[in-house]
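Think of it as A, B, C and D in the order they're written, each chain with its own count starting at 1.
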């Protein structure tokens, strides 16, 4: 019996120490990691989506909301006006969360483009969402007043062969981003007007 | 019972037909030589340089690696010469020296010696080397790009690429006789259909190659090509064109029937050859590559142990 | 005692160098050695985990009940692997991206578990440090050597802390030999097997004693 | 020797000798200076006084190691024992070699005539087991494993050898008598005489045996092949002809049995086909135990250093190391081979050319089997690749491009497996 208790005790203590130190570590490293991701992953993606914008999209970030509900919005200035906003979103993919950037053209009420940032999908199948720009290009120009869906669900986006879950996840994430956009639109317009000046 | 005379004591049988491994290899080399010489006639001195370097470096690798691994020197059996010659015959005449030397290293060392030497290689060494190298150095195996600086007195483009890219019309102007006598762009020794067929007939007549593999390979290729041609004559070139271009004939007579990577029983040989021909045409017509022989041969090499299980029942076995 | 510390340290560098002599931990060896940067990064990450887990296992060797020792080792090793992963994600993000799934896989790298089980759980802290360092550095050197061969032949470069991490030194053979065309086969998966096999073969030419 | 023709597509074909033209006349070697008799047993402790050097033996006298029942050998000459020594035969068989210095005139021992009177087979078997042709009559008297079929092969089992066919063609009366005796006393249900297909009609119906024709192509006269043709099964692992109820016997042995009963004397002259270095052949009749050197001398063959001397035919014979070896009761042929005609076997690896597959009469996957056997995986070879279907004709070795001694590997494997099984059973 004593041995049993010892076993349980040792394992518990080890787990507690391990878990505690790891959560401490993560808490401290999170901001640095996010900065890295911003610089090295999202930055290029944002630049890619907002090609031709006259401002510096990565540095010009709007923060909306307070505290926990704070969300970041990038924007691109075209022809002197901040026309395109980029929302961050997340979908549930086959191998885990898929980070997505959704650019919305405010004047045309349409998608300006999407870009996958972080993902853990299968190479050659789900990963095509990121690696195959032609697939992502399907989203460009789709109206945001209509729900984005894959053809199998009655929409207009043809799914990646063998990766329907990933395709759906990207569509869901896009819809989520659009919904958020509609929600914060007044706030956003206000802020952007401030920028335009 | 002490006798001063020392007699030779060995096990029965006390006769031997007299065949031997070096003899076999040298005969295959002899059969391959006409095609190689025709290649020299078509492409000139650079082709000679490629062939010589290929043979020399193949022998060098075999000797060197055997010495390094402290194994018996097997250069004398002529197998390294054969691999070097066949590999050289697949290359474009403009192949740079380092490509040839790396290729023979891949063929002799990676294709053969690390599997345990002659008789143990699961793939045809020359074909394996060609496949690895052509994946790594695509441009050097693009016959059009390689031979662009040569002034040749025959159709100056690789027929298979042209057929793949532009359809039958692009190659309709090439006379089949030109292809048959080797006036075409391609591997040094792979062009001349006449010489290859003569070499193949020599090998079959002398019993170094069984007729099953070459003939079924050609039949498979021919029939598949004919079917494709019938389905869409504008897109897919005819069977004779496919038979006489690329590596079709050299594969039928020299690459596919390689001893250790091909089956030995009759039915498996027919399956093996036919599958090789069909795969070649599938890759050529539907795949990404203009030439399908290399991967087709590797594929059939892979199925060789499997098909060779189809064998006649041994006597007295019921099951 | 001093002599045996040196011995435990040096055995990992040559006599028992993991991928070549022990033929252990081949998954990362084959997977990540496409550039020297990756090889070194993976090697150092493994060394760190190996060293830390060796120290901890050796310290706790009297406390851990033998029935749950593997579970304990895994907890210890996994903790350090996550530490490495998080730190790498924060300070060497490009490396983290290229090494990807191989970092979490250090947990099941048989070298780490093997040293914990076979050495650290039976020896003192000092010896375990020597052992962990030696094996780890041997592993790092092997990875570096293998990745150097593969990168030089397959890409024509040697990337040690190359861009985009730092704009560090990238030796490019193409500058010295303009005719050099990289042999891409070497950085592909089958090339890893062939290269490892040939290097194993070379190692066997030299007697291990 | 058959060598590969320039156009070598077809498989090599061998046929047995047919003796279709007039029968040759055997050369007789009457009295060699010494003979060596092989007593088929290990040299033991105290021998009986009759085996002491200096003792005189008579022609036809049964020599045994001691008075206890056991194997014996019948002296083929009259003379004085000079030496008794141990001799190791093939596959570890042990013999006691008895060297007898011969006298000019024969003096006959009457022991056999007395045994004839008793008309009991086991009494005769001791005398007759050593007659030319070496019939194993003791198998007929073994109550544990009754023999139901005796197969007499009238043709020869190897190429170029004439011995048995000559006996069949020239001594039909003796054979008929021998078959009659076997039928009357041996208790075998069936006696089968195999003859080459061409001469089937000459023999059919002349004997009290069923006469069957055997194709003339090699290796259809091999005992294992005849067994397969007759019973449509093979000798599987651990089986012997004896426990299948089958006894193979040479025609010469049957003729000798018939002759023995007519003359009331044990026959002692063995018929041997002698093949010289040029491939010419002679039939020689010599006393059992005659040194081979004497026969070579009589037929004008001289052996040089590095030549080869073979007892038996070219495909299945046994090479011997000395001319002093005696002619034994089962020596059908003696072949001399010149050093320049000998092809050395090699340890070259199999290159998978498939020649052996195409030539194998038993449809064995020889190319795979030999790889197992080279690695010493005998049991796997037997289980997976039909080791026991092999009829031991040697054609695979004959055509092998890599010159691998395949037949040797196969016989070694069978020998090793036969040796191992009893040990395993003993452990159980």
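Here is the rule we go by: a contact is a pair of C-beta atoms (placed from the backbone, for glycine too) under 8 Å apart; a residue touches a chain by one contact, two chains touch by 3 or more.
Owing to the predicted nature of the structure, the values given are computational and were not obtained by experimental measurement.
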Geometric centre: closest chain by C-alpha means: B
Chain pair showing more contacts of the two, A-C and B-D: B-D
Centroid-based (C-alpha) most distant chain relative to chain D: A
Between chain C and chain D, centroid-to-centroid distance (C-alpha), Å: 68
Distance from chain C to chain A - Cα centre to Cα centre, in angstrom: 34
Intercentroid distance (Cα basis), chain D paired with chain B, Å: 49
Mean-CA-position distance for chain D and chain A (Å): 90
Graph class of chain-chain contacts, one of line, ring, star, complete, other: line
Touch relationships between chains, expressed as pairs: A-C, B-C, B-D
Touch list for chain D against partner chain B, complex: 1-4, 6-10, 12, 228, 232-234, 236, 303-310, 312, 314-325, 335, 337, 339, 342-345, 348-355, 357-358, 361-365, 367, 386, 388-389, 391, 394-395, 397-403, 405, 407-408, 411
Chain B residues within the chain D interface of the complex: 1-3, 5-21, 24, 77, 116-120, 204-207, 210, 259-260, 262-265, 311-317
Contact set on chain B toward chain C in their complex: 68-69, 96, 102, 110, 114, 132-133, 135-137, 140
Chain A residues within the chain C interface of the complex: 3, 6-7, 10-11, 14-15, 18, 21-22, 25-26, 29, 32-33, 36-37, 39-41
Complex contacts: residues of chain C adjacent to chain A: 63-65, 67-68, 71-72, 75-76, 78-79, 82-83, 86-87, 89-91, 93-94, 97, 164
